[in-house]
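Right after this note come the structures.
Here come two complexes built around subunit A, the first alongside subunit B, the second alongside subunit C.
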Partner chain A sequence: MVTATFLLSAFSLILVGIFGMLTRKNIIRILLAVNILETGVNLLLVSFGYFRGGKAPIITAPISASNLPFVDPLPQALVLTSIVIGLGTTALALAITLRYYRRRRTLEFEPDEEDFASVEGARTLMRDSDDSTSVTEGKDLHPGSNVPSDREPAGAKERAK
Partner chain B sequence: MNQAILLLLFPAAAALITPAGSALSERFGRGLALLSYIAGIVYGVVLYPQIAASPASVIVGNWKPPYGINLFVSPLSLGLVLLIYCVAIVILVSDFASNRKRRAQFYLLYSLLTMASVGLVLTADLFNMFVFLEIAGISTFALVAVGREGSGPAGSLRYLVLAQLTTLLMLAGIGLVYSATGVLNIASLSRFAALNPAVAFLAGLLILLPFFLEMKQFPFNGWIGGAYRGASPAIGATMSGLVTVSVAMVLARLLLTMMNTGSAFGDATTKIRTVVLVLGAATVLIGETAAFREKEIKRVLGYSSAGQMGMIAIGIAIASQSAVRGILFLLVSHTIAKVLLFLVAGTSARLSGSDRWDEMRGIARRFPLLGMLFAVGAMTLMGIPLFSGFWGKLDLIRAAIASGGLAVVGVVAVLIATVVEGVYFMKIAHAFFEAPAAAKSAPPESTKQHYGVAFLAPALVLAAATVILGVLPGLIDPWLSSATAELLHPASGYAAHIVTGGLQ
Partner chain C sequence: MKRNNRLIINLFALVVVLLFGFISILAVTDGRSGLTMFSADLQHRVSYAFLLKSVSHPERASNATVEPGGRDYEDGAANVVTSVVVDYRMLDTFGEVLVLFAAAAGVGLLMTERKRVVEHDASIVVKTAVPLVMLFAIITGAYIVLHGHLTPGGGFPGGAIIASGFILQFLAFRESPKRLIFKILESLAGLGILAVGLVGLFVKGSLFANFIATGTLGATISAGTVLIIYLLIGIKVAAELASISGDFIGGEQRIGG
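Up next, the complex of A and B:
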């Protein structure tokens, strides 16, 4: 019964996550949906290894009646790994979103992104075709101190319209 | 044999040491990355004769399979690891021609990506595969995002969201497999009692999803345009040349070795292969059509890569001796040609100041060698005789006709695609050699830097490789035979080595 509840919640979370990812336009909301999906998948994995009355599989003493029965430890190991990966990916995604916001002054995926990019593309290629060298420059990381690079996207956006 | 894990540790160590070392010298990252890949190649070549005689299963942390994670070093995986290292070196050297000011972060991410690609090829465990996919994904997202200012982050985010969706669904599939069988080792699953066909079908498809995405298969390829526009040519070459080697090989491993008759997925194998075949045929047509109407050269190459990967998926789904041989050959030749084309595209873009091939008119008149190199790469992808792509396509088409049934749809798709490829590559080559409409004689300041040894040497090596393989396809014949046998007959090779060889 407990496992059925877990499974049901896991599937609901997965569906909510997929729905959010497919229907939202706002990047932050999409990333939230990714996280909901991830929680659902993690819950699914843990509930596969769970049974009623199982103890946490942290075995410090020799196995005896006191620490039996324990739940399957392997799904828990998988989920721990997956949580860490999820955290890393979310952090990276938010960092990229910040960069996106600096350029576009919006958090929406723009429908006219294609045209925008090709207008902007020809221009940036001439100027500096690859700014990977500036990825961690201080001015990129502190909002408010990047006045020169702020002006650029605002102007670019007007051109696109 | 446990020291074979060094193949994985060289780039990992390079990635971890790079930030510290870069405090000392700007050039530390590049030097270390190149050094670690060369070390990997030397070690791999030394190891190869031994592995060819008897493949080895590397047990990590003394957790024996099927409970622990193990790597499988065989002629197939070791050969592709060597290919990955060589391609990584070629890309890094040529990247130096276009951008001399790369920071340490770039080399850190690049080494991580190389490590993840190598790991995907070597691993024999489903969950480990998921972890390597995520590492490859994270480094690719970051490398695309730092690309060109305007579209890097946008392309990267689209790719990231789609990739996360598919890898998380893969994780759910892995959970299903584990709850149904209790093991995640590919070798064990390949000789497991058959699961309920519905569960096997669902779990099998979920596990394949991220590979469909990385191989740019049809419903999952919406990210190509954005990511390839955002990525610098070196990263485009990496995404479409280096990462595809490992994901295509893993798809073959999963679909041929793990999902075989007599495996846990036995009852669903035919259905899953049909899905892959149909998606592959659709991708071939859609990818090549998209490439045909695209004007930006990097995106042309990205979509053409989707088409080529569709052909490889068709070959994997047909699963006959000659089809698998064909796609392995096609995989090697696609990697060589696509990396070459990306290098040429990057250099042409820098020399002409535009990303669009219709604005590069006449560039081959100024730089004839550049035009020649483009033609060599294009003819390899088309599959013209005397270039390596020919042999792979020939084997694939023969195998598809021999197997009949739905595979004939695949033949039709491949043949149509070849014509389409021919037309758009010829269009581009024609534009390259055409006289420029207006004399826009304003070559950017540093022609010499963009068109120097650092670009020409790697490009000429790649061009030579595709011609040599095209004239003498017998050179990699022993490798192809043993790799095909390993994929198609897991019971005698793969599974036997891992499961019994592991439990000493």
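Up next, the complex of A and C:
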């Protein structure tokens, strides 16, 4: 059955997206999971308007109240909006991710010790002028907790100067 | 210890996800209380009025006919999805335009002072092909934008295709991609959409009402404000996507490009 195919594929996309959001640490992978989730939701919404043998809702022949061979156009219109909003949130999330990377030098939410062996290699690739470290240089943002990532880039910048 | 934590998190997420999927599929296919999602006829749905173009006069729906070549329907777009998006539910589309604007403004505020690092020039193949591909991209995008009321498409995918032409240009040449002209164009197009809505408010009494005579269904110039609004949306989306990509790629700002 076609509707079973639609339901199955839409729900598998949604469930894969939710699983990815819950279990990944890398921000880019979390954003990818959010995108997959949005695609699944859009597919589910459009599939609610499906009729067997229905055509695309474009009027090319005379139609009347008893002769409506179309699929439902309203979910398609709402999904149009939803796709565009997914684009907007992905763009803004990627911009925030870039700023996060410039500040914390890592793309994960919980960096541990072995990640900082590759920080030196990552810094040679990033030759941007970073104007945001002047705010937190020298300040201990998390007193009492062992978060090395805020102090390490400032110290590394001191060494590089 | 870390690996044990990951296993526990993965298992917990799997259990939550399977539970959610089970409950959702039960909810969607449950038929005990009458209509389910897949058994409702078009007669019972809201789109009945949208398809027969009788939203303002729903009592005429049962003996209305819509045919290509007919004149002066309530909203003269042959593409029913376009008539829903741009005419009947234009307020939702206006909110979507606002969301796009907020995203572009947010990216512009966050991506500041980024010098573009070009390690290699693009190859001669790319530099020769990009002007040709960009020409076809812009023409195809403009066609899709202008025929939004007749064929599938409209302002949003057409604007995205036009923007992809500009993104190709940013990637292939050493031009500075942050241009003020994109942001000016985007703002003017957004103001134009709001102006069309306000004119509809003053002429016909409701925001974004269709105040131009809708003409012949299926003609290129038809459907009143639908054509104008989709044109403005196409310009706005193209300028927005090009400016977002320019902000991500980085470069110094030049006035007017």
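By definition in this document, the second predicted complex is superposed on the first by the 102 of 161 C-alpha atoms of A that agree within 3 Å, B and C clash if a C-alpha of one lies under 4 Å from a C-alpha of the other, contacts with A are read in each partner's own complex, and residues count from 1 in each chain.
The working rule: a residue touches a chain if its C-beta (ideal position, glycine included) is under 8 Å from a C-beta of that chain, and two chains touch if they have at least 3 such contacts.
What you see is a predicted model, and the numbers here were worked out from it, not measured in a lab.
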{"item": "Which superposed partner A:Thr89 touches (first subunit B, second subunit C, both, neither)", "value": "both"}
{"item": "Which superposed partner A:Ala65 touches (first subunit B, second subunit C, both, neither)", "value": "second"}
{"item": "Partner chain(s) touched by A:Thr5 [first = subunit B, second = subunit C, both, neither]", "value": "neither"}
{"item": "First, second, both or neither for A:Leu15, with subunit B first and subunit C second", "value": "second"}
{"item": "Which superposed partner A:Asn26 touches (first subunit B, second subunit C, both, neither)", "value": "neither"}
{"item": "Touching partner for A:Thr81 - first (subunit B), second (subunit C), both, neither", "value": "both"}
{"item": "Which of subunit B and subunit C A:Leu45 touches, first, second, both or neither", "value": "first"}
{"item": "A:Thr106 touches, of subunit B and subunit C: first, second, both or neither?", "value": "neither"}
{"item": "Which superposed partner A:Val34 touches (first subunit B, second subunit C, both, neither)", "value": "first"}
{"item": "Residues of subunit A that lie at the interface with subunit B and also at the interface with subunit C", "value": "14, 18, 48-49, 74, 78, 81, 85, 88-89, 92, 96, 99, 128-129, 131"}
{"item": "Contacting residues of subunit C [partner subunit A, same complex]", "value": "2, 6, 9-10, 12-14, 16-18, 20-21, 24-25, 28-29, 37-38, 42, 45-48, 50-52, 61-68, 78-81, 84-85, 89, 92-93, 95-96, 99-100, 102-104, 106-107, 110-115, 117, 150-152, 154, 156, 217-218, 237, 244, 247-248, 250"}
{"item": "Residues of subunit A defined as touching subunit C within the complex", "value": "3, 7, 11, 14-15, 18-19, 22-23, 48-51, 56-65, 68, 70, 72-74, 76-78, 80-81, 83-85, 87-89, 91-92, 94-96, 98-99, 112, 127-129, 131"}
{"item": "In the complex, subunit B residues that touch subunit A", "value": "98-99, 101-103, 105-106, 127, 130-131, 134, 137-138, 141-143, 145-154, 156-158, 160-161, 164-165, 168-169, 171-172, 174-176, 178-179, 225-226, 229, 232, 296, 349-350, 353-356"}
{"item": "Partner subunit B, residues of subunit A touching it in the complex", "value": "14, 17-18, 21, 27, 30-31, 34, 37-38, 41, 44-45, 48-49, 74-75, 78, 81-82, 85, 88-89, 92-93, 96-97, 99-100, 103-104, 109-110, 113-114, 116-118, 120-126, 128-133, 135-136, 156"}
